[in-house]
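Okay, so chain A shows up in both of these, paired with chain B first and chain C after.
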Partner chain A sequence: MAVTRGPTTEVTPMRNAIHRARTSLEQRPLAAAVGGVAVFLLVLWTTPASWQTSTLRFAVPIALAAIGGIFAEKSGVINIGIEGLLIVSAFSAIVVVDWLGDGGATAGLPNLWWGMLIGVLVSVLFALLFAVVCLEFEADQIIAGLAVWLISLGLAPFISRILFDSPNTVNITRFENVTVPVLSEIPLVGYLLFDTEPQVYLMLAGAVAGWYLLSRTTFGRWVVASGENPKALDTAGVDVRKVRYAAVLLSGVFAGLGGAGFGLGTLGTFAGTGDTVINGRGFIAIATYLLANYHPIGALLGSFLFAGLNSMQDVLQAAGYAIPTELIRTIPHMTVIVVLVFVGRTRLPDAAGDHYESGDD
Partner chain B sequence: MRDRLESIAERLARASVVDRIVISLAALVTAVLIGGVLVFVSGAFASCRTGLEMGGATFCYNPMQVYYELFLGALGHPLEGGWTLTNYSLATTLQRTTLLIFSGLSVAVAFRAGLLNIGTQGQLVVGGLATAVTVVYASAVVPARIVLPLGVVVPAGVIGTVVLIPLGVLAGALAGGVYGAVPGALKAYADANEVITTIMLNIIAVGITSTLLSWQFQDPNSTNPQTAPVPEYAEIPTLPVVGFGGRMNFSLLALAFAVALMVGIAWLFARTSFGYELRTSGIQPGAAAYGGVDEKRMTVASMTLSGALGGIGGAFWVLMVHGRWLENVPSLGFDGIAVSVLAGNSPIGVGAAAFLFGIFDSGGNSIGTATDVPPELVGILTGLIILFVAMPEFFRMLGRRYVTVDSARPARTDGGDAGADDGGDADA
Partner chain C sequence: MSEPGAGTTDGTGPTAAVETNTADLDVTNSDLAVHLDGITKRFPGVVANDDVDLRVERGTVHALLGENGAGKTTLMNVLYGLYQPDEGRVVVDGEERTFDSPRDAIDAGIGMIHQHFMLVDPMTVAENIALGNEPTKWFGMAVDRDRIDREIRDLCDRYGFEVDPDATVEDVSVGVQQRVEILKALFRGADVLILDEPTAVLTPQEVEGLYDVLEELTDQGKTIIFITHKLEEATHAADAITVLRDGVSVGTVDPDRTDREALAERMVGREVILEADSDPVETGDTVLSTRDVTVEDDRGVEVVSGIDLDVRAGEILGIAGVDGNGQAELIEAITGLRIPDEGTIDYAGDDITAWSRRRRIENGMAYIPEDRQERGLVMPFDLVENGVLGSQRSGRFASGGRIDWAGVRDHAEEIIETYDVRPPDATAAARSFSGGNQQKFIAGREFERDPSLVVATHPTRGVDIGSTEFIHDRLLELRREGVAVLLVSSKLDEIRSLSDRLAVMYEGEFIDVTDPDAVTEEELGLRMAGQRPDGEADRHPNPGESR
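Then we have the complex of A and B:
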């Protein structure tokens, strides 16, 4: 943070504490992991199981979209359109399953998985459109991202009306739990992590894969360099444009998995009125990765926070508290603001939002 | 020498205005073309009795008819018989134009200050509720009639109109301003990204207002989620003889007020030091700070002004359209983003862009009644227009390619041609 703050700013000590905690966690990954697991087990031990499973399910679109957003933004392209990617992938996945036949299988693959595949593909196509607009035609990334969101917001109910005569799609049979033998018997975590729906496995695997790809591979280093110092990467002989294309398309893959997984595993139908059933989850994902300082595993944990708040409304209502539902529903969104205030703007990659023009072509 | 420099500067400024207009028009044309293709192709998946048979598929939708309904239906079909100027469709178009001028100005003010206020929608929702509640409660204390000296009796209706409407608009502006100041302050003093906070505040505004409604302000005589109606004399009056009738929910006075506000904001930008500082903070924050502009205060001030304009939009939505606040607020604030982007954030341009999107809103209704095409098409067109306005380089490239290399190419030459001419001007 270049600008020094006045002594009157009250959020600073709190924010400094968060920053210190975050850096020290990053510097001591082993301690962070052990501490994380301990806190995790404590939470599991003290909270109701129904809340835990519902939290995991609601975390899927947030976590996967956040991990995708990390790749795009780290490479220097701020993809605010991931909300739109969640919408088109969730919607198209459900349409495909309905079209192929609910509960059936086509060419040896269950139709639900075809839905997953096509959902991801559609999301990648939209990400490609966004990438072309930003990288070839030097569009303002924020406005182009908003446009992707608005187009998706119109397109899903538009097609839905043509196919189903209503902005809401039909219901499909959702994914069923996949139980891993033996492991699901582990106390506390077994039923949660090894007796759950496929999209939750995808989320957990995606977080690990995202972390590995970003911090342990050459491609990951390219992505980071493309966002921090594209000129250096260019000088080293790597095509910045290709790296950015790959990163944005990857954000499409992750967001597509999140949207399609959420639609096929948790929702089973797509409601297209208003902000659609995605209802700002893509934007929550952006706040999540800022909170996690672009760390994929951190983004996974952050998504538990927001999803946990989301599923808390059911718990509160079940417990008989007379808090208005409309207000409870906004708790995750209020938390996003509080998080942004205390975390402040995470240091964006230096070249994020800028178009990079290579000297030699 | 100085004169020469000034004339060059003037020409450049004019060129960039032309540049912007051409790009906006090109974006509009391109979006309409792509929308037409989308309509035609999606017709193959719809079911209908009659349609265009081609290659074994039946294409149910005729894009020409859709656009006929969109653009001319919004004016009340002027090419068909029995057309009058003061028809219901045109009234709806102008009503939307009026409201979109407010929300477009709201977005433009923030944009010019370098802030992306996505939260006009929330500011409009909150401002509208404040207006409705204020007017409903204030109308209870307006005296039945006032006897002035000399025995002149002023009936309550007139007092109500003169007092309650400004009061209601003020309440909307205040509430919207406060709700806009929140993300401004969060941005200035806590560095919280305003795009995300305003989007979140939109969702929160819906939660807060509907909670307030069910807690206190619900109309006891209705099961719909809405406030009690404001008295009829507190609705924006229509002009007799020349105006549109009272049932059309549109008042020329409101449009005149919106236009006056538009000119006022243009004057604020061009002629006042506040406007100058606001624009400089948007273009060159560093230079503005060096020139003595308090960046944080400017952020809060411009977001407050932006929110107040959104709140005024909500006030007019209440006082002109429904006479009460309804829970289901149309997406005027989001459309304001499109209006401002298409207008290149120029206050005067907002007027033209608001009229276009007014046509979209009203024409969307006639698409819904006259054709089977889903009216959500309008939302897609809006998104496409924003997308293309965001990529001016696309049209400049097209222009360069088709004008210098192969000017006979038919594809999208209107956008391309003009773009190239214009690029030449700017370079000269």
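Then we have the complex of A and C:
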């Protein structure tokens, strides 16, 4: 039985500080944005270019998976299976390229792009499986999402053993840089944003497309309504189930682009040992979109933070600091926790995680 | 009360019209916007609508009157395409229609405003109004927001609404949210608007505003069907009233030629005493007494300032007042949901100020909470489980840490039968019942605890008149059995007719404690507004010593 006992909330200094930090974030979004850009420019100014490009390339799976996750969760389906989607898309993309021939082209399309296409397709198929289990059979979304991850975690190394006699695949030739003339000459950001690999362009375009789709189109509004109050959408004459299917499949497309892009562009191989080469990036993506409060552009920026920490960990290790590598590896994950504590304004969609059946009262 | 021949309610079917001084309307040959012809809708174990006819004339307000669970909402859900009828025809604008989904009904010009609004809280007013019907530009690539704003402005100008399209729905008042729902229907080109219990959530001022809106809408040719269980509303706002009882239509009447008692009788199926009657009863020992109780609310503001009260066995002490004058916090202090900052509470001779809620329940304190969905019931639980809440440790239902579910189930079914909870299904989730039926179940659970003190806050809020009468009778019966009753209500007629003594609470203090028959409704209203009775010098009158 709930007992209300008047104002008993003790305000500790720590909680007080967190509260102040939160409210300042909430009350001054403009200041926060300006501050963010300032920090961003400062980082650009003070860090080596190699670290920056590496950050962008490692942000690809996190950002794209996060944008995909936003659509699923905004529609009311929490898709923690995006980690699994990253694994299957990265793996299948490499397999397809190896099978069609490294460096060649098939039917006029470079094999790398065939790999991209098939990687996305496989990811969408897994997302479809997840959607059917959740929406038709009313499975618990968290359990189903975990299942998608665990199946992928077992399946990719297993097939790799059959094909390559090892949990790790062969190496393939990665995507090459695409340089946009003129724009790449822009000081400070030109070389970063306009002289880079295709998967980075996909990430940047994906973030803008995701933002546009969610905030400017009819579909975006239906997705939001489906996650907040599905009954309102239903009585407005829109089929909630269809909207949720579309949103989950879209999360498969985005995660597929992220996984395949990461495999083909950033790594050029797939390692299936341990947590595979994806190594929890799908879960960090979830933390990223929560941090960004479901804003696709915010998720892109957030992915820079986590990818940057990841690169920093490499830099620290390379510099030979006598810190145990295991400890350094925890930095991104520790940051996730700290950041989530300070960003208390994340508002989960009201109906996230709930099954909706039309006609039920 | 009614004319000779009244009250012969044998209930042999829909055609056995009740012979009362109500005038049945003949709308056979009029211009009908909606005609429901012989609608039957069955649910497992229940017939919700049995061969119901409804003829609604264009450009009128048509009330659908009936008790909780009479099948009003089901009938309208059929018209709105949420349910498909098992039998019967739906005719809109003279054309027979089959609605497979709300989409079809919307396309046929029907809009529904549900009792619980169907709005997406974090979205803006404009986004909600257009939801599911967004006009687009650039070949469907973008929502045409300018056009939405323009159309909303046009609608507002035409019907005299004032809403800010850019406001977020969760930030606007309930009255405005209702306007948004109406605009949503109009935006979709609705000609027929169905309103389900539209006044349930509104303040009296907002209700007046709603009546104006309805008038404006019908003036412009729209047709309104509104569902209600309140007689006053039906007679006040409607041009025609169709009464439903137990899923059967018992006729359509003209409100101007029908008196309230006759209408109530038609609705309930038997004669209804609209005012409860309380003969004085011999009072016993003091059961509950508070001394100088001071309570702060969640924000730390003192909202109850030194309340002294006594309730004796066999007595009903009523607390009247405008909501928000400290009644809720006082009751929470008495029931153990909030710790008073000062003062003592004695119950049956013990100082219970620091007692836990559990100990209070175990010692016979029954409590009908103000917010039934928040505190009275666990909404996803069925009635069997809800029926044992508060008694889950009592020897009657539990032994050795195990609950006797068969016994609990019998108990829940007893409550359902005695208190006429509809539909009579103990295994249905609490949330699937209408508000009035939820309230009846809570009242039943609390009254059947064998209490020595009943604390009842707004026990009949949202409850239909038949059940209100029943709950009143039960309260009086408990009082006759020597139970002490503390009643909080904002319904003046209820609190005046039931209470033996009446305290008026204003800004955390008792303004006056009086014999309810000694004051007029006007005097009571003035005291609720803070005006003390003449010659009253004592700032803290003590109801314990006023007798």
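Convention: the second predicted complex is superposed on the first by the 314 of 361 C-alpha atoms of A that agree within 3 Å, B and C clash if a C-alpha of one lies under 4 Å from a C-alpha of the other, contacts with A are read in each partner's own complex, and residues count from 1 in each chain.
By our rule, a residue touches a chain if its C-beta (ideal position, glycine included) is under 8 Å from a C-beta of that chain, and two chains touch if they have at least 3 such contacts.
All values reported here derive from a predicted model rather than from experimental measurement.
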Partner chain(s) touched by A:Arg347 [first = chain B, second = chain C, both, neither]: second
Chain C versus chain B, contacts on chain A by residue: B
Touching partner for A:Thr217 - first (chain B), second (chain C), both, neither: second
Chain B versus chain C as contact partner of A:Lys231, first or second or both or neither: second
Intersection of chain A interface sets (partners chain B, chain C): 1
Chain C-facing residues of chain A, complex: 1-7, 216-218, 221-222, 224-225, 228-229, 231-238, 347, 350, 359, 361
For the chain C and chain A complex, residues of the former touching the latter: 80, 82-83, 101-103, 106, 112, 114, 118-123, 127-128, 131-134, 136, 140-143, 184, 295-300, 332, 336-339, 341, 356-358, 375, 431-432
Contact set on chain B toward chain A in their complex: 42, 45-46, 116, 118, 186, 189-193, 195-197, 199-201, 203-204, 206-208, 210-211, 214-215, 334, 337-338, 341, 374, 376-384, 386-387, 389-391, 393-394, 397
Chain A - residues contacting chain B, complex: 1, 9, 11, 80, 133, 136-140, 142-144, 146-155, 157-159, 161-163, 167, 275, 279-280, 283, 286-287, 290, 324, 326-327, 329-330, 333-334, 336-337, 340-342, 344-345
